[in-house]
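For reference, chains read A, B and C in written order, and residue numbers begin at 1 within each chain.
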């Protein structure tokens, strides 16, 4: 169920983008304990200059390798969120060379009633999930 | 007020996309009891491979006809949400032949203070709505 | 930390879009009391017809100059939100000639645990912010 919007600056190959998305999904499965095949991702490329990201005074230097991940989900606690951020930074660095400086993550919470995965049913409420 | 992001894989005609959006809006009016002309939609087409959606093990087979609808709103209860999912699946199938397997819906809740519909005013708070 | 998605109908120059984004950021700094360099914006242009926005019966006439701003943030109160809407309308009108009728704003709330600004850390929780 996490719905994951992955926004990047254009410039990576299709293969790199796929590996990036696959790696994000691995973190959802392992750190967010998402069930198998619980994958809902939208990857969007933006022209240079359309993602404008600074650093809140933290001394983080951004590059055009920037990746912004927005996760809509329900049910994970603070420890899982912190573990997710760490795993994303580490594994995306390994998998696609993402600089940890270029990773921004934001999470939004909803509830079990807020999801329909197909067939017009709310599978968290029907007992299917 | 529902702000509705409709993300699809590229391939439909402009006319089909308009019918799709019109049908989503009909569901907002009838099932979510949105007032007349309460329409705030963004339709975004994505290249193949950029919407990566599996099925959480539910046995749902996706196709490139996939439609992902993210609704930001306030005030609807669980019964209304369930009715929305069902109506979207049924009516989008009728209107544009959308396979019910290809419809994913996610809702996010905010509050009356979180909306300005124009003129820099929060119309839910000023008494205009 | 406000994550700000700015969706517009295509047609403005790069320079106009930059001024628009800069002006939105000024409002975040001054009205939402965001710290210096607390900027996380994604500007997306849409083809005509893909942003379908009516007026909830408020008698607001939209044009293709439409700007829809979705802000994900935590910690601002109702007065700050109302001040933000007013400031955006006024300053975007001054800076890029945006008609106040063409500005729609929607806010979503999350929490301090929901942000990682880089390095895989949750800076609101680590004491860095």
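Convention: a residue touches a chain if its C-beta (ideal position, glycine included) is under 8 Å from a C-beta of that chain, and two chains touch if they have at least 3 such contacts.
Not measured: the values here are computed from a predicted model.
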Can the chain contact pattern be summarised as a line, a ring, a star, a complete graph, or none of these (other)? complete
Interface residue overlap between copies chain A and chain B, same or different (over half shared): different
Give me the C-alpha superposition rotation for chain A onto chain C, in degrees, nearest 5. 120
Taking each chain's mean CA coordinate, chain A and chain B are separated, in whole Å, by 21
Where chain B touches two or more other chains at once, by residue number: 44, 108
Residues of chain A that touch chain C when the two form their complex: 7, 44, 46, 49-58, 60, 68, 70, 78, 81-82, 85-90, 100-109
For the chain A and chain B complex, residues of the former touching the latter: 1, 3, 14, 17-18, 21, 25, 35-45, 72, 108, 110-111, 113-123, 125, 128-129
